[in-house]
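Please go over the structures that come below.
Below, chain A partners chain B and then partners chain C, in two separate complexes.
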Partner chain A sequence: MFCKQLLSRALTRPIFRSFSQAHVIVPQPQFDKPLVLPVKKRPNVMKVIERESISRANVDGRSDLFIRRAAPRDRLCAGDIVTVETKNSMAEGAATSSFTGVCIAIYRRGIDTSFILRNLVQKVGVEMRFLAYSPLVKRIDIVHKGVGFRRAKLFYLRENPGKTFQLKLLRKAGK
Partner chain B sequence: MFSRSFILGRAIANPAFAQKIAAQSLFSTSAVAHKARLPHEKLRYAPKVSELKLGDYTAKSQRVGVIARKKGMTGMWDEWGVRVPVTVLQLEKVQVVSIIKTSHPDCARLQIGCGVRKEKNTSKPLKGHYDANGVEPKAKVFEFPITPDAALPVGTEITAAHFVPGQLVDVTAPGLGKGFQGVMKRWGFSGGRASHGNSLAHRTPGSTGNINPGRVYPGKKMPGRMGGKNVTVIRLPVMKVDTALNCIWVKGPVPGHDEQFIKVRDSTKLVKHRLFPEGAAVPFPTYIPGQSPALPRETIAKVGGQDPLIPSSD
Partner chain C sequence: MKSRLNVIDNSGAVVAECIKVLKNAKWAEVGDEIVVAVKKARPISEAMSSSMSAAKIRKGDVRRAVIVRTKKEIRRPDGRYVRFDDNACVLLNNQQQPLGSRILGLVSAELRFKNWVKVVSLAPRVV
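Up next is the complex of A and B:
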């Protein structure tokens, strides 16, 4: 049943140059010419693919959160309190789940860029790792910028949480 | 095999035999002589293909394969939001170099070349071979068996559009070399105990035979060089075809290191109707830019099936 619905939806999607076949998807937006830096004479295929994939997955400007050279106030840092809203499935009108936590690690790996959020859920420490460019991740919001965190990876919070998880903001944001 | 003196002796003894030998001689023009072919006069067949045109793909057809270069791995998400690891294989000036002459008309083989090789690095015999076929010197050359209906004229370029997103391919390449390895890594032996008095025998093979025959069998699994051999991974789905970068994305890992030459062909070890997705237009014998329907730059395979993220109603 779902398959038929999705198939009919796929066929009525905007198509490129009148191309429609039931077994393929034409990704949008189409890049007619590969996204190559203008100075490059011999582009590295993997770099071009990474640039295009991120450009396509970057629907709401979330890639700005992961630019290493951006100012700390503009990018995601370890110690920030973040809320991530994820879709439960790719079906239209699917329910969403939300998770709030302190960002304890960021892994910048191109299209596989991910980050870990940690929170206490009913007195149990829960960590969740999100792939930033996954189509199931709907929104990434920085609720509060972290202050006083001097490391890139805050794994020490597992043993020495200090007052991090007692923050009013963390509890408020989680509700 | 038969020495001259033997034949001569028999000829002298038996005049009928002498006549038979005379009839079979190279210089005889009788019909009898030409029927029995001498070893170097075997018949050679090769499909004569002068023009390139689209044909009909049948269940018995076997299209030509391709030589691609492994560029690296990345990830993509399918239509269900599930992450799929993919290997990027790039086609680099893949051309038909020559049509191999085979011993039977039902068998055909194409020699495919890939990449570019400098003239100064190409040996004279190879250069002559390329010039005879009107092709630039290639970095890597392999043969692919095909059915005669899938034959291509010499010089035809095969692009990434030869593959259909969603089809299954077999990839062959030399695997990574592991060097001289011990018996536990190379053959999966269990080794010995870690403690409890074990002396110097933690990773050894143990016994290598019995008291009878009192020797070690040839081929006994022992330490030695591991890896670097040809490995074929079968039935990998083609997840994406990119006509501008001339590359295909196949699901999963592929043997060997990056920049390696990989032989890619349509999967053979499967039920034929599972090879291409249902309703797919198979470019046969290959994708011909003027004649085949125009394609968008990138096409991604639709995985199909049920949404795995929705719990089933069972």
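Up next is the complex of A and C:
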């Protein structure tokens, strides 16, 4: 029939005839294969993407530091003394700089998880906020677990530091 | 009220007040040049003033300065943020060189990217 011929022609021909194939950019998949996730009836797409991107960024097990339900001795808590080593650039063999400080805040936002470290460097308070899963962050080490901090956000340390920054680890890092 | 900054060089000024931001913007960040009026300065003894060849900064002088630390967090290209506990500046002369011979305190690494080479080299610590 004439309709059938028209339909078959429409299906076999390319849709945009005025464009040449070279101008069409077909997006390539970013990763060759997806991660194997537990089978769930209706997975939330954004949660799946978040979990996959965290697994890919989690090269040295640092995501264990940010699991909310882990025991306080295994996870990063407000009040811990942390050293972060960052690469200065994405180039191969770039120099690293490190920063040590008391963790005063943790923002758990999936792949955008970040934390703020505070220390007194040359008697001036310096706070640095690091993105946990940044490729520039080489290592996150908990040097000393905090004792006696009962808050999730320790912004009061800006005005009332007490003896928090008198620890040898912090003073050495602050020179 | 205009922003007050601590002056962290040995020019003699202690506190400066920003009276003009020298770029077409409402506020200046680390590494930007500003015009300051010195609000507090170290007293200059008579003996020192006769021997010293460097400029003597008095209260009320209007000078240019470069911001080296801000209390407002600065975003680095990799997503890091840095915040200091105070606002600080270093006074400059007309050739955009630091007026003092020493910088007493830490400065932000942003100065390196904005080409304040002399300031960065004089600073004892750059974060």
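To be clear about the criterion, the second predicted complex is superposed on the first by the 133 of 175 C-alpha atoms of A that agree within 3 Å, B and C clash if a C-alpha of one lies under 4 Å from a C-alpha of the other, contacts with A are read in each partner's own complex, and residues count from 1 in each chain.
Note that in this section a residue touches a chain if its C-beta (ideal position, glycine included) is under 8 Å from a C-beta of that chain, and two chains touch if they have at least 3 such contacts.
Predicted model only: the values in this text are computed from it and were never measured.
**Student:** Would you sort A:P72 into first (chain B), second (chain C), both or neither based on which partner it touches?
**Tutor:** After superposition on chain A, A:P72 lies in contact with neither partner.
**Student:** Would you check which partner chain A:E127 touches, where first means chain B only, second means chain C only, and both and neither mean what they say?
**Tutor:** So A:E127 only meets chain C here.
**Student:** Between chain B and chain C, which one contacts more residues of chain A in the superposed model?
**Tutor:** Here the partner covering more residues of chain A is B.
**Student:** I'd like to know which partner A:R158 touches here: chain B for first, chain C for second, both or neither.
**Tutor:** Second partner only, chain C.
**Student:** Quick check on the superposed pair: does A:I25 touch chain B, chain C, both, or neither? Answer first, second, both or neither.
**Tutor:** The answer is first: A:I25 touches chain B but not chain C.
**Student:** Figure out whether A:L136 sits in contact with chain B (first) or chain C (second), or with both, or with neither.
**Tutor:** In the superposed model, A:L136 contacts both chain B and chain C.
**Student:** So which bits of chain A does chain B touch that chain C touches too?
**Tutor:** In chain A, positions 131, 134, 136 sit in both the chain B and chain C interfaces.
**Student:** Provide the residue numbers of chain C that touch chain A in the complex, in ascending order.
**Tutor:** Per the stated touch rule, the residues are 69, 73, 78-86, 105-106, 124-125, 127.
**Student:** Touching residues of chain B toward chain A in the complex: what are they?
**Tutor:** On the chain B side, the touching residues are 71-72, 74-77, 79-81, 83, 88, 90, 164-166, 244-245, 247, 277-281, 293-302, 304-307, 309-310.
**Student:** Under the definition above, what is the set of chain A residues touching chain B in their complex?
**Tutor:** 2-3, 6, 10, 16-17, 19, 21-27, 30-34, 45-46, 48-50, 53, 87-91, 110-112, 131, 134-136
**Student:** Which of the residues in chain A come into contact with chain C in the complex?
**Tutor:** Going through chain A, the ones touching chain C are 86, 99, 114, 116, 121-131, 134, 136, 158.
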